[in-house]
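See the structures that follow.
Both complexes below contain chain A, partnered by chain B and then by chain C.
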Partner chain A sequence: MTTHNHDTPNPYHESARDDAENKALTERVNKMEALLLEKGLVSQDALDKLTDIYENDLGPMNGANVVARAWIDPDFKKRLFENATSAIAELGYGGLQGEHMVAVENTPEIHNIVVCTLCSCYPWPVLGLPPAWYKSFAYRSKVVIEPRKVLAEFGTTLADDVEVRVWDSSAEIRYLVIPERPEGTENLSESELAAIVERDSMIGVTKVSAP
Partner chain B sequence: MNNIHDMGGMTQFGPIPQETDEPVFHADWERKVFTMNIATLAFLGPVDRARHAVERMDTKEYINSGYYQRWLRGIEIMGKDLGYLSDEEIATGKAINHKETPHPPPDAAMVEGLIRAGVPATREDGRLNPAYKVGDRVRVRNLESKGHNRATNYVKGKVGVITHYNGSHVLPDSHAHDLGENAQPLYTVRFEAKTLWGENVERKDCVYIDLWEDYLESESKG
Partner chain C sequence: MNEERIAKPEIAEMNGAATLPRKNGEMVFHDDWERKSFAIAVSLANQGLFDWAEFQRELISSIKDAEGDNPLHPSRGYFESWLVSLENLLEKKLAKA
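Our next item is the complex of A and B:
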């Protein structure tokens, strides 16, 4: 279960800007766009193509397909933990910000969480662009020192003897958490399994629930 | 560089803001900033320069800016550093000077190719003989850097154990400043929570972080 505290005032929230701020930023960005186009530093069709890819092609459904395959195919799972980049490429995913993938497995004994404390590095080919919470100062700063408090904010509690491993993405390696397969999903198909794998479970702040 | 971007270990930024049904972009200007950033990498890159541009921001401005506001400032900083943009041009949106670009801007097919192929950071011709092996105990050198650096403050001076050798990776510290790739061994290092945050940490939690060889020294040294 996820706790949604979006009613809590937080000046650092991405969508906390008022109309005046958005208007000023829109004007500033439009000027920059006109400038870059005029100077030949960008082309409009490249900008349009990038929008299309990141709004339509890439997203957590890709990562969910990787997780579902790992749950049903032990050989794939083995390859995934040996070389995640090539195993993920078998499903057709890879590229920018996913050049060097590592998969980490959540088990009853070990719980993995991913962060980038210095900026907001994130495995774009399998999860798309990061949600605002992942980029928030609150998450970036706190998860390395108080991971269990962070998990509690997402409604996730772990037994004291579970080892929490926080992966700080400081280089070009990108981490994908393979969450535990929930009980009661033995009869689900691969696509049905993929449908229950939510983004946050692949960052490691939640667990996957049976439907 | 010592600045607020290196925030790992702070605790007072308030609750983590969560949204249901969050859009990929919260406003059209965010979409534009994202796509402009990727599209201009051909001239303003590498990505290490882009990260360094953001971490050079005025601290108060950084704190009061959202993610894509910081990226926008990054474009401005890189564009000015490299002589493509001036303050006056940024303010007006009108080109005054024309620094010649080395090639035309990437078209749709080229950016799609970039997204699909990525920009691998591993090299076969860098420093290929790792000085450390898995299981070695290493200390993160307490180097103060005026430039780009990816060793977080919270691990500097601390001892951890190498858990993975990841091959030879381009060093951001030099690459961000046009000083060459200086590819060298990249290790994943595990730090116990007690080592990082003190003896009052009760549980056996830990942090794994990726560190280049030049960031490290043997525990026995120093």
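Our next item is the complex of A and C:
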């Protein structure tokens, strides 16, 4: 394995295998799959569906689509701030198990950040898997006391007169930050806008920058 | 998106050594066999061949094996350990069946 300089060391982010190793592993898995299909223990359909769910529905793209829609459609935006759960469901994203979604808007005057001080409550269906730092004790304890310092660690600096609001998620309420639309994006399409919205900006620790 | 389309927290939110490889919140698969072995394990657990907790224990132990005393340079990647644990568990379960 090669050495990496990620902030959280993760030796698994890159494949260090060569083609021959991959070929051997592929054959091993194909053999297992064939056996299980033959025994009727798995079905091709179920396997394809599961891959699709975990690979495609777990990412923050759903949230990015919500943000992009809010940026271009004032009526949607209005509905989003009135009742985020139902507005988000309009885009086909549901699966919240009784939790209410609340959308909070970043503006030049107000910056919102989300945390779960008790555990790691997170708006799954829109943001996918929570990042490791979101669950860390350091983030959970520090963001409430020194939000500006935490923001600075993410490279986000705010003017002194910007009000910082920290929202504590719970089993009942999950927050989604709608970041500010960056200048210079007036001509981007909805999908181009969604592509520039990164997960961290919807937790509120970063801002969205123009491409 | 209905209930069935939702990933299971017990799988997606595994912690510690078992944490799924991910980038910007999304799962990272390098090769198709990784994707496939992931789906096989989840599917078998969904069918009740084993509990997810059982698989997770197996996975953690095979990751620890691969790490030895050098956790940053394991002898094999996450999904290779995944595959090893899946093979071990299958062997046990199918021998019984």
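By our rule, the second predicted complex is superposed on the first by the 152 of 211 C-alpha atoms of A that agree within 3 Å, B and C clash if a C-alpha of one lies under 4 Å from a C-alpha of the other, contacts with A are read in each partner's own complex, and residues count from 1 in each chain.
Convention: a residue touches a chain if its C-beta (ideal position, glycine included) is under 8 Å from a C-beta of that chain, and two chains touch if they have at least 3 such contacts.
Everything numeric in this text was worked out from a predicted model, so none of it was measured.
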Touch check for A:T26: first (chain B), second (chain C), both, or neither? both
Which partner does A:E198 reach: the first (chain B), the second (chain C), both, or neither? second
Please work out whether A:P60 is in contact with chain B alone, chain C alone, both, or neither, and reply first, second, both or neither. second
When the two structures are laid over each other on chain A, which of chain B and chain C touches more residues of chain A? B
For A:H100, is the partner it touches chain B (first), chain C (second), both, or none of the two (neither)? first
Just to be sure I read the superposition right, which of the two partners does A:L41 touch: chain B = first, chain C = second, or both, or neither? both
Mind working out whether A:S209 is in touch with chain B, chain C, both or neither, as first, second, both or neither? neither
Taking the superposition as given, does A:S141 touch the first partner, chain B, the second, chain C, both, or neither? first
Where chain A meets both chain C and chain B, residue numbers: 3, 10-17, 22, 25-26, 28-30, 32-33, 36, 39, 41-43, 46-48, 50-51, 53-55, 59, 94-95, 120, 125, 128-129, 131-132, 135
Touch list for chain A against partner chain B, complex: 2-6, 8, 10-17, 22, 25-26, 28-36, 38-43, 45-51, 53-55, 59, 94-100, 115, 117-120, 125, 128-129, 131-133, 135-142, 144-148, 150, 153-154, 160-161, 163-173
Touch list for chain C against partner chain A, complex: 1-3, 5-7, 9, 11-13, 15, 19-33, 35-40, 42-44, 46-47, 49, 71-74, 77-78, 80, 83, 86-87, 90, 94
Tell me, which parts of chain B touch chain A in their complex? 5-11, 13-20, 22, 24-29, 31-36, 38-40, 43-44, 51, 54-55, 63-64, 66-69, 72, 75-76, 79, 84-85, 89-95, 98-99, 101, 104-112, 114-122, 150-152, 154, 166, 169-170, 172, 186, 188, 196-197, 202-212
Complex contact set, residues of chain A against chain C: 1, 3, 9-17, 22, 25-26, 28-30, 32-33, 36, 39, 41-43, 46-48, 50-51, 53-55, 57-60, 92-95, 120, 124-125, 127-132, 135, 198-199
